[in-house]
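Alright, structures below, take your time with them.
Both complexes shown next keep chain A, but they swap its partner, so chain B is in the first and chain C is in the second.
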Partner chain A sequence: MAADITKELSPLPDRTPEPAFSADELVWTAAEQEQMEVYKKRYPTNDGAIMRGLWLAQDKYGWLPPEVIRLVAETLEVPYAQVYGVATFYTQYFKERKGKYVLDVCTCFSCQVCGGYDMLHHLEEKLEIHVGETTEDGLFTLQEAECLGACGSAPMLQITNGSYLHNLTTKKLDTLIDGLREGKRVPFVSVTLPQDADDLDGNRRSDVKATDTYHAPPVAKTVK
Partner chain B sequence: MPKVTIDGNVIEYEGREKLLQLCLDDGVELPHFCYHPSMSVPANCRQCLVEVGMPVKNRETGALEVDENGDPVIRFFPKLQTGCSMDVSDGMVVKTHRTSDLVKRAQKDNLEFLLVNHPLDCPICDQAGHCPLQIQAYKYGPEGSRFEFRKVKKPKRVKLGPRVMLDAERCINCTRCVRFTDEISKSHQLTIIARGVKNYPMTPPGMEFDDPYSMNTTDICPVGALTPANTRFQARQWEMAPTPSITTTNAKGANCFYWTRDNLIMKITPRQNLQVNEYWLPDEDRLVLDQFNNNRPEGPQVRADGGLQASTWDAATAAAADLLDAVDGSEILFVGSAYATVEDNYLLTKLASALGAATPVYLSHVETGHGDDWLRTDDRTPNTQGCERLGLTRTDAATLQAQLEEGAIKLVYVLEDDLVASGLAAGALDGVSVILHHYNTTNATLPAADVALPAAMVVETVGTFVSEDGHAQRVRPAKAIKGINRTLMMETGKSRTDMHGTPFDRWHNESHQVDCQPSWETLPAIAALLGHPMSYKGPKQIMAEVAANHDAFAGATYDAMGLEGVRLEEIGEAV
Partner chain C sequence: MEATNPTSKAGDWRNYKRVLLPPVKDLHQLEVYEDNGGYKALRDVLSGDKWDPQSVTAEVKKSNLRGRGGACFPTGLKWTFMPPVDPDVPRFLCCNGDESEPGTFKDRQLMEYNPHLLFEGILIANYAMTIKTCYLYVRGEYAQWIEQMEAELEKLYKKGYVGENIMGTGFSTDIVIHKGAGAYICGEETSLMESLEGKRAYPRIKPPFPAQKGIWGYPTTINNVETLACVPLIINNGADWYSGIGAEKHPGPVLYGISGHVNKPGVYEYPSGMLITDLIYEVAGGMRGGKKLKAVVPGGSSVPIMKADMIDGVTMDVDTIREAGSMMGTAGMLVMDEDTDMVSFLRRITHFYHHESCGQCTPCREGTGWLENLVTRIDRGEGNLRDLDLLIDLCDQMEGRTVCALADAAAWPVRWTVTRFREEFEAKCKPAVFPTGDGATEAAVPAT
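== the complex of A and B ==
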């Protein structure tokens, strides 16, 4: 049988994984504990705070192995299974160890026609990894993402669930990777929608100087 | 009373009801998967969609608007509504698939979606034959699928826990199993992981689905995604016949069906009884198939030439009568049993008093800490209350041993229990004659027995058990035994094709019949030989006599007990 037929699209998670963090590491600092209490008070029931709690834990540990998910569940006094279900639902919660910078290159419809895959392949070559993998130095993880809601500035990518990089070119990507290797984060760049440009005197936001003005979108190499 | 009109039929209702529940209560079939009457309503399967409308009221006067024929004008919701989450209100008009093409179409399309990634492996699926998805796809589904791509591959043959297997591809994500562990058993062991087409129920890493009630999820699973590990691939649904009865693993008297094929118990599933177990059955009640099918005795035995030799029923009862006749009544110890029915214990007390022996005792099998205040009890026997109400004396192995060591006892008559396995030293029975009614050849008292009389188990007999809560319930024979007994034949369910007709009929099946007798047949036979005839037509008459003579059993006649049992008056302190 062909390999792609037998390959499980949704494989069974490791049900008895080796813990990645020791019991000594699995404690909150006083400030984090206090923050969790704030989250708990914010919602009528504690399960409302699950997503906040997981986010805090991911900030602390970098990813969410089962023992961290269990720690969040115990802190919030909600069932472990429920927290695990939430964590597996969202791709932004990392269930396996990722690189320091997770590059989510959008290859959804708009980005695809504007060259999203070109950008992805360029990164694959530059980082010498396949999509879904992490570089050996543990610095970069390359991922394909579905629409991140910035079609107006396609193609784009997102860095570790955080800042966006718009209107990608291979040159921009090279600068980004080289910069990140030296620890330089990308500066914030605001994007103006074309229909707003005239009405709002170029930009509807207050940070006019940091604006990349609209230009004709690029076209993917494969689009004829 | 407020009224709802469903497909033109007016239904009266009381209180706050959900539309789907109202339909189910009223016998109006509405297809559904995720809804379960005892759990929260997620409305996620979308199968119970119906058209719902309300009569139009004039906003100023509040009067109902009428059309030219004088009928009230009904304004329907713009979209279809899920019946399970819809609160009914007075005057509501509902159109189901019987009257609405829109609903019919919605059900059909919804099933097409549910079947997109569902493997069509019904021929090898244990759920086939009683699968809501299969049934509803036949009744309401599309003729084929327009989906011509590869189906999503998901994990199969996953051992979720020691007793439940998961086939994730079959799952339609109704979340019944997750809600069961969250809301009913409260073990919180399951969750739906991932999302979209990739999701399925799973335990979190490091956790096993070992809930003592885990197998209930296999009953409520509307597809074959969760199946019991112990009965997987053992029998097809249509080969088995269900018999409504109760379980005897503990003193709760949970209602169940015994599923039989070729006179073997193939599986045990819960039977709804809102007074006792609602819809549920603990796992321990379902894992006792072995005791009914294996290590069963092959006819009565009598001690001769230093060993137990196979005998006939006539010879064995005569041997038992001879033993009883040879000693004085005061030298006989009658041991009743909390495993046996009220009828059997009652006949034993009658025999004891006829012979002038002391009131029978019974061994208590309480395992402190086993119970959980729900369907599992500390008491591991089904009929302690029945024995108490009959006036039997509770005892334990140590007391029995002391009594035997005094030496006054010459004969022990054991009804359906195992003294040695309960802690009595085997040596204590040396020099004492033992007459034993036993279920299994593994009975540890059997080596000491002089006459061994195989007794019918709960799945082969007719009788009454009284639960810890004083609920008297009767059992029916699920499998046939070797001997011919008119009562047992009449009580056997009509669904048993193998039980009807003559031995010359093609469907007649004698395989796996155990050569045993209900004790209510053996005891009168022995009593008759001793000159104390007990003439009963059957257990129904025995129970009628018990109910009439014992206040503690008032009202517990067979007709009154029916399928759901009778709650008896409380007596003193419960055991």
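== the complex of A and C ==
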């Protein structure tokens, strides 16, 4: 029997989500506009500046909803689809709203065998969320990260694509969370080289106060 | 303590004087770097009659410097692959600072503590290949180190070491720091180029090689951070000095990144050809808590794992370690003690590769997922013995069947961990079930 084409179709689902930012918010300041021009000049075509443009947008808006991605595309005069493709390829671009502090706990390779999962599970209990979730107050998002390139100071975590925190212990995590709740920022920490211990009093930089040395890693209780 | 093992190729490594990360306070600042002979190599190369682009390349070739990014390809030879200079065709250098191989953390220390050595190396390489622009690709996670390097780079521009007419010699070149955004695949050279061009980082088919068609289709050379940092040292001290350090066929200083269950993990600079046992027991202070060594992954997560009884007399240089059944890789060494669960360890590695596969080629996109699922099943105690053979079979179907080497890198740790620690995997599998002939089945303990 032929399909009844006269029957009214059910309405299409509304696939366009409510924009997170209004048109008034989606403008660059003069300084940002200038920065974009600097990025553009660094590459033979504007495509090269997409990644930097997305970084600038993420720093400004906190995450990258479609309308922000479109703003970057229009600024750089490249197709929206290409910028969208780039934004969705790389893990550090946030495609959904995250907490104010994104805690990327490394559990990969060296961090796994040195207790990365202990740290992750401790944070899960302390923040009362599962990995991948955001706390109700919107302050913390907990994530499991792939190798962050600080294997000698495992276990470690990164805070919102910025500061590294090395040689984690549960005590250190408690201090971190309590500090962040009070709005204390985490400074850049320089990890000194073990070979410098005798030569340079363990620190080869006079412009960085916060330093850490490599420690013998803790014993991992859980590995998954 | 006994004398250095005679099979070590690192010579008198206990009295080795560091050159990549020399003990100088505040060396990361331009002024201090200049006071310590910085940019002398660049000045020599650009001014005076001793050097021209060909002779710089020849010197690097003679020094036998081999790439420090994992493949150990001779750097000087790579430079000669660039086509003859055509003033109408731009040429590019890419410095690969993506450093995402698990277990590798050496470049970050170099970029923090001696970035000017890297910049100087880049400038000399640009001169040697007549390149106008170098893109220094640094992974996005290193945001704070990128900021620091950009500040130092700005000083360089102000002082005239980079940019137009460098030091009045007429040579002009630029350095641009490109910030990645978290993708392991960007460490692969062709996908790094795609990423630079503002695309999803899908690796390209080779040939054409980057030297023929690189970024934006123009000739491009891609070198690792540590590799380029060696170049000023070669110019200052000569190729013979460099090739005299460490192992004959793989000479030079190496940044060993030792992590895992040792008392003193960290980045150490020593000559190539160090005994693995020296690195673990002497350099890194031995095993944590006096435990027994179980396994070593000598060069980042993708190289074959070595059992404790395989490392005696093995030195860290490309040929020796290949003969011993592993690879030099990035010299980022993970040490594991007797309590490590190899199945769980492998499960996390397979998860990593599944997460990081770019999804372009089917054997890798699907295969890495299958590897993870199978190893996870075994880890949960729900696996069957035949899964182990299925894993090896999967590896056979992944290796060498994709555009880039990520599928190989994902398959090797599975193949070698399952082969070399098979009894542990068998112990975690469900007992095999044999028919008994009377209609019932009988469970048998897996063979150990």
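Just so we're on the same page, the second predicted complex is superposed on the first by the 188 of 224 C-alpha atoms of A that agree within 3 Å, B and C clash if a C-alpha of one lies under 4 Å from a C-alpha of the other, contacts with A are read in each partner's own complex, and residues count from 1 in each chain.
Everything below uses one rule, namely that a contact is a pair of C-beta atoms (placed from the backbone, for glycine too) under 8 Å apart; a residue touches a chain by one contact, two chains touch by 3 or more.
What you see is a predicted model, and the numbers here were worked out from it, not measured in a lab.
In the superposition on chain A, A:Pro17 makes contact with chain B only, not with chain C.
Of the two partner chains placed around the shared chain by superposition, chain B is the only one that A:Ala81 touches, whereas chain C remains out of contact. When the shared chain is aligned, chain C comes close enough to touch A:Gly162, but chain B does not. Looking at the shared chain after the overlay, A:Ala154 reaches chain C, while chain B stays out of its contact range.
When the two structures are aligned on the shared chain, A:Val219 is found in touch with chain C, with no touch to chain B.
In the superposed model, A:Ile69 lies in contact with chain B only, and not with chain C.
With both structures placed on the common chain, the touch criterion links A:Glu8 to chain B but leaves chain C unconnected. When the shared chain is aligned, no partner comes close enough to touch A:Gln33: not chain B, not chain C.
Comparing chain B with chain C, the partner in contact with more residues of chain A is C. In the superposed model, A:Phe89 makes contact with both chain B and chain C. In the superposition on the C-alpha atoms of chain A, the part of chain A touched by chain B in one complex and by chain C in the other spans residues 82, 85, 89. Residue ranges of chain C in contact with chain A, taken from their complex: 18, 21, 23-29, 90, 99-105, 107-109, 112-113, 139-144, 176, 178-184, 195-201, 216, 257-269, 285, 288-289, 301, 332, 334, 336, 339-341, 344-345, 347-349, 352, 355-356, 358, 379. Across the interface of their complex, chain C is touched by residues 42-52, 54-55, 78, 82, 85-86, 89-93, 107-110, 112-114, 146-154, 158, 161-164, 188, 190-191, 193-196, 199-200, 204-207, 214-217, 219, 223-224 of chain A. By the touch criterion given at the top, residues 150, 152-155, 158, 168, 181-182, 188-195, 197-200, 202-207 of chain B touch chain A in their complex. Within the complex, the chain A residues that touch chain B are 5-17, 66, 69-70, 79-85, 88-89.
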